[in-house]
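Read the structure below first, then the notes.
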Amino acid sequence: MPQQALSTRAGAQSGPLAEAFDEVRAASMALAEGLSDADATVQSMEDASPAKWHLAHVTWFFERFVLKPHLKGYDGFSDDFDYLFNSYYDAVGDRHPRPRRGMLTRPRLNEVMAYRTHVDAGMRTLLDGDISDDLAALITLGLHHEEQHQELFLTDILHLFAQNPLKPAFRPSEPRLMQQPASPLAWQRFEGGLIETGHEDDGRFAFDCEGPRHKVWLEPFALANRAVTNGEWIAFIEEGGYERPDHWLSDGWATCQAEGWKAPLYWRKEKGEWWTMTLRGWQPVDPEAPVCHVSHYEADAYASWAGARLPAEAEWELAARGHPLAGNDAGTGRLSPAPQTGGGLAGLFGDVWEWTRSAYSPYPGFRAAEGAVGEYNGKFMSGQMVLRGGSCATPPGHIRGTYRNFFHPGKRWQFSGLRLARDV
Amino acid sequence: MPQQALSTRAGAQSGPLAEAFDEVRAASMALAEGLSDADATVQSMEDASPAKWHLAHVTWFFERFVLKPHLKGYDGFSDDFDYLFNSYYDAVGDRHPRPRRGMLTRPRLNEVMAYRTHVDAGMRTLLDGDISDDLAALITLGLHHEEQHQELFLTDILHLFAQNPLKPAFRPSEPRLMQQPASPLAWQRFEGGLIETGHEDDGRFAFDCEGPRHKVWLEPFALANRAVTNGEWIAFIEEGGYERPDHWLSDGWATCQAEGWKAPLYWRKEKGEWWTMTLRGWQPVDPEAPVCHVSHYEADAYASWAGARLPAEAEWELAARGHPLAGNDAGTGRLSPAPQTGGGLAGLFGDVWEWTRSAYSPYPGFRAAEGAVGEYNGKFMSGQMVLRGGSCATPPGHIRGTYRNFFHPGKRWQFSGLRLARDV
Amino acid sequence: MPQQALSTRAGAQSGPLAEAFDEVRAASMALAEGLSDADATVQSMEDASPAKWHLAHVTWFFERFVLKPHLKGYDGFSDDFDYLFNSYYDAVGDRHPRPRRGMLTRPRLNEVMAYRTHVDAGMRTLLDGDISDDLAALITLGLHHEEQHQELFLTDILHLFAQNPLKPAFRPSEPRLMQQPASPLAWQRFEGGLIETGHEDDGRFAFDCEGPRHKVWLEPFALANRAVTNGEWIAFIEEGGYERPDHWLSDGWATCQAEGWKAPLYWRKEKGEWWTMTLRGWQPVDPEAPVCHVSHYEADAYASWAGARLPAEAEWELAARGHPLAGNDAGTGRLSPAPQTGGGLAGLFGDVWEWTRSAYSPYPGFRAAEGAVGEYNGKFMSGQMVLRGGSCATPPGHIRGTYRNFFHPGKRWQFSGLRLARDV
Amino acid sequence: MPQQALSTRAGAQSGPLAEAFDEVRAASMALAEGLSDADATVQSMEDASPAKWHLAHVTWFFERFVLKPHLKGYDGFSDDFDYLFNSYYDAVGDRHPRPRRGMLTRPRLNEVMAYRTHVDAGMRTLLDGDISDDLAALITLGLHHEEQHQELFLTDILHLFAQNPLKPAFRPSEPRLMQQPASPLAWQRFEGGLIETGHEDDGRFAFDCEGPRHKVWLEPFALANRAVTNGEWIAFIEEGGYERPDHWLSDGWATCQAEGWKAPLYWRKEKGEWWTMTLRGWQPVDPEAPVCHVSHYEADAYASWAGARLPAEAEWELAARGHPLAGNDAGTGRLSPAPQTGGGLAGLFGDVWEWTRSAYSPYPGFRAAEGAVGEYNGKFMSGQMVLRGGSCATPPGHIRGTYRNFFHPGKRWQFSGLRLARDV
């Protein structure tokens, strides 16, 4: 889904919006291929949700916010589903508690598929008619919401399969290609100054938290030409990075100790070599590829150890300006980070989400939307850190230069890595 | 499986043993009917195991302890399964941690079924040949082991379904029959004295913990003619049974407070009437049926409140002597406790496991068997309380007068109730 | 306080009772010597209570149960104290939560001492008058209650001081005497049969749980001539006793793993030698002295490893019959277990409480007393194991052959060890 | 201690520095007056430290960082103290674990006082000699460090006394003055623009995290003329502020639910009126005084409910520029927030720390100092929120316009309140 399409989606004509709808909904179905009912049901930890839940919840969004209020005569699929598949929208009623999402062996996966079909039919009826700008915007939001859950679907299924001693592969393993070396580390300088950052209100879609566009002052800084690699991370491990508190934030070291971190999530050393769990099963760690599945705490400690720091999100956004929104995203089908090569700033988009030093806070002038949809982003603006650039699990077309992803600093199950910055 | 059959099982001829094998294995398959892959995979709490795990683990017993050592040329189904489906037999190798049994979406249910078929084939080959007495005894143990897991299969699937707001029924609900009144409470007196208790070593099968037969001295006592009913329990609730510590054991009251108990597990009051989750779905509580899903702590508090006490296990066993091993067990298909009517001691076998006041301890002279099979019972003789008599979920033929079931006193997900006793 | 005195205490004449009162109360004061306000205030874990709390709570018993109902015109010391120093007597009103006992920096230690003085004065007035048999029995109970807390005072202060890296000594360290070797292990045989056990209702004091006297049948057994020594325990450690589950109860092994046990509580290896915390500070472990500060789980595992078992409490009581109630109790002032030497059964009383295999259950015919005092023992009859014989911290005169001490099987901060038994 | 004095402290002449040293050290001693050994020893929760620990730890700073490296022939007081009273300086060696600070009944309070005397003597010797600029800066840091702990001493002793049902008063209660009404709420407008913020490197003392001075762009905003009052907070409570998630951050609502918040910390309703624990004991809540002991989560929810927001820290600092560093700080002796009256921005300094919307992050160009002292602030820059302006427990002279205090957003035991801001 190219950025071009996104811009039209928000328009009043239903044609391209209907196409976008079909495309996004089909992409979710494609993800579910090959999963058993059980694969789609089990919740491997509180942070993760079952695949079935993702498939149903994004559908619930369209039924609850679009069809019920806007499609005359629409017949709801099931009252139970309304309760089961609400997520954090406290305003629209009770909901099934998050940590218990994995108890729902019923409805079965095929019933969830029937729910999708039912809602898709309703949506097509709606999309055949006149769609107001507001409604188009709401549907577009629903599509981006579904794309977000497509990435979570992948991170969550990886986490589930990683719990299984059989290490099942979500997608078949491929012959390992000749290893490609990452570009040598280099720094690109930026002058900063009084710049503008955040989403410009130009009719293109963005999440509310990406705006309003606003001024910030930046001192000169430099950004690394690529993300930190697995090979570099192994050096950090070998020099005692996980054994001494020197470079760690206080909360970070406490978490590292409490959870017994010794390496990125999913890594294990076998006969002297590091291996890791991937969406294509159990694989050797590629030293040239960007390190992945590290927390903000680890990223910060690494940066400090390397004599650098994490970028501020406005720095990252400034540096990314003008770069094509292309990279190793879920559209390449690789499903794991690839070595970043070539000149300039490589790999800004795709491969791994890059932790920034910025807490996820409201931009000056930010106001949450009214009503339940307003619960979308604002209420998470506490205790979480911003990540930028998308990953190998991000749907193509979903990323933007202004896109703000956010997770708590101790979380590691996302496709999260880092790119160094420094003052100059 | 009548007691008669059991006695022959331990014999050297393979015929009846092979029949018993087929019967027990088929009964497990019958339980799995109607379960989805997801139903069979999810673990609803640490105490419970997934249905798939039960089906595989009982099979693992035959492969690991019978086929591998005793069937020449037997080809193991899978090394992975050996690891995944070991339970508490520490002596035979590493095992998948119990609280993570629900992560195993793979192998799928149909692969577990293939495992069963493979092992069944091996067992039939073995059973066609000469079977030593020792081997026959081991196979018989495996069958009783599988029957134990058949009951756990039911208690665990009920617990899982009870977590689901949709309250799915394991078996279809049946038209509610005309309510049958329980017998009025009456007491039967026993003189006690120096008696013998425990399993007599007569060649019939019993678990090791049921013996050795030994002498105990009992003072005169009386036993209630039937189990405590739901109606009686409701009176206990209404008189503040769950609100005041007066009649509770200290650990019991602490648990009651910590877990917020207000009624038996699965009960909820809706519009002034108590309802409960059953294997046939969400049902009104029948005041005449025995109370079920209460912990030892609750049972003890009730008994104290009622001016009585729980029976010692030797008292129970003495009282049950000579009673036919018949009752509302899983063979009746009711799958919930039924009102206990008629004269004498009603409902000793079936309906609900009856908590005793006896800690699960080794009988005088008890010695665990050598080797891994010796882990069977002895190592659980700490912190658990004995229950007697079987339940509506106990396979027919599985119960004995000397049978000692045991659970920690705070557990409620078994079909556990109580029968009062008192000194006379 | 010889047993003789105890028997007269329960009599109607106040003379000996008043003397006993003075003696016991003075013993508590002696314990408090040398403790700072802070030492007496801090609670080192939930299981332990501050010294100040012990001193106040035993006083509260006399105020609440004796003076307020029985001394006309008695003026309560403080309503606050009534709330603060109630322990588990739920029936007499709200109480300060146990885990928060260490928050009470006020009242100060000297105010608690004033409370003691006030209550002592009241008690002396009362004891000068006529005392009914019932009242004498109640006061006697209060004295034994205070003696129990004298032992807990010692175990709790040891636990507190053991948390302090400075390893302060409760009482001054003494020059280490020439090491005395323990008697070589030998077995004494008992024939068992139908015996009577438990406290005989002969007017002498005993706690309610020690009776009623009742018949039990015992098979022949043998008891070790002395407790297991530290040296023997070191062999257990060195042969992997804490590293393999083979000999452990299932709950025991889980606790051992969860708490990371590698040796008895308070032990640490320094330069190849085992040291331990004692009431006389940090000391080398004496290989000839009885092992101490082991849980029931460890004791059971050791016994199994040694090819023996723990004694049943009735066996222990039978064996101890006729032995003088003398030994290394708190009256010797040693305050740690001493090597057990000499012929016959050595060290039955004093040194270490000896874990039995018996769960703490009501004896046949046991009934808790009516009212709050009835909360004394009965409600703890769940999940705990019986210990016999007293320890080096037990007040002289407090122990009896029928005495049943009880703790949860995972607890280690009492002066608890073991003596082996076996079937013969 | 006026700001003037602070500026001279950092100078090379020891005279004023010695005076400042004496003043600050004496202030700590004054705080300890009236505390018992026990009061000074107990740790009421992990976040808090015992008074004795505060008194020793600030002394340890001078011994460890000043005397040992810089006073020739200085004789350390005790190796044990070096271990016991290190706090978070991982670089200088092992330390006693924070949650176990309350186990240290030894050393006694008077030994800690002797430690203070010993170190004070050493410091005076040192201060009588030549002091390099660097050393003067280090000593000055030590004094500010001690002042920080003086405030924590008060917050922690309040927390301890609040756990005690006797509700002891740290300082005597005073006759309640005639209630003074707070100023009516009004807004003061600021234009913002490209401003400079943070500490100017002018030789005056500031903590490292207050700089470097740097440019930020601010949009126009308005700030409330005073802090939110208790009366306003009661309205929030009464309109269901703690009962509905509408205005809460997601993490905030989860915390509110998990901890059962219904009002600010220490509040309880008695006979329809709100009371609260204060350093002067149990007192009625004054509706005109600023609300205190609220978390960032509560402050944020209140601001949202009130249609406003919390100020950014740069906004607050801009608004406070030019205001005298005077207010109801610990120097007034009131020890609780007072109604804020008068024109302009009242109560910016003193009364309550004001939560901002700003995460505690490094300012652009920030670098932690080298060595152990570098652990001072930088490593806490994660997961915490900035508070500004000092409180009624802040030592006089300690506050600055650039001062950044920081706590995790769920903490409530500091003297923390809020002042509203809004976009204009």
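Think of it as A, B, C and D in the order they're written, each chain with its own count starting at 1.
Note that a residue touches a chain if its C-beta (ideal position, glycine included) is under 8 Å from a C-beta of that chain, and two chains touch if they have at least 3 such contacts.
Only a predicted model underlies this, so the values are computations on that prediction, with no experimental measurement involved.
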* Tell me which chains count as touching both chain A and chain D. => none
* Based on the averaged CA atom positions, which chain is farthest from chain C? -> A
* Computed distance of Cα centres, chain D from chain B, in Å -> 59
* Would you kindly tell me how far, in whole Å, the mean C-alpha position of chain B lies from that of chain A? => 47
* Between chain B and chain C, tell me the centre distance in angstrom, where each centre is the average of that chain's C-alpha atoms. => 38
* Enumerate the residues of chain D that touch no fewer than two other chains. => none
* Structure fact -> Those chain pairs meeting the touch criterion are A-B, A-D, B-C, C-D
* To do: Spell out the residues on chain C that touch chain B in their complex, using ranges where they run on.
  => 88, 90-91, 194, 214-219, 245-246, 248-253, 296-297, 300, 312, 357-359, 361-362, 364-365, 379-383, 409, 423
* Asked: In the complex of these two chains, what residues of chain B are touching chain A?
  -> 36-42, 44, 80, 83-84, 96, 100, 102-109, 160-161, 163-166, 168
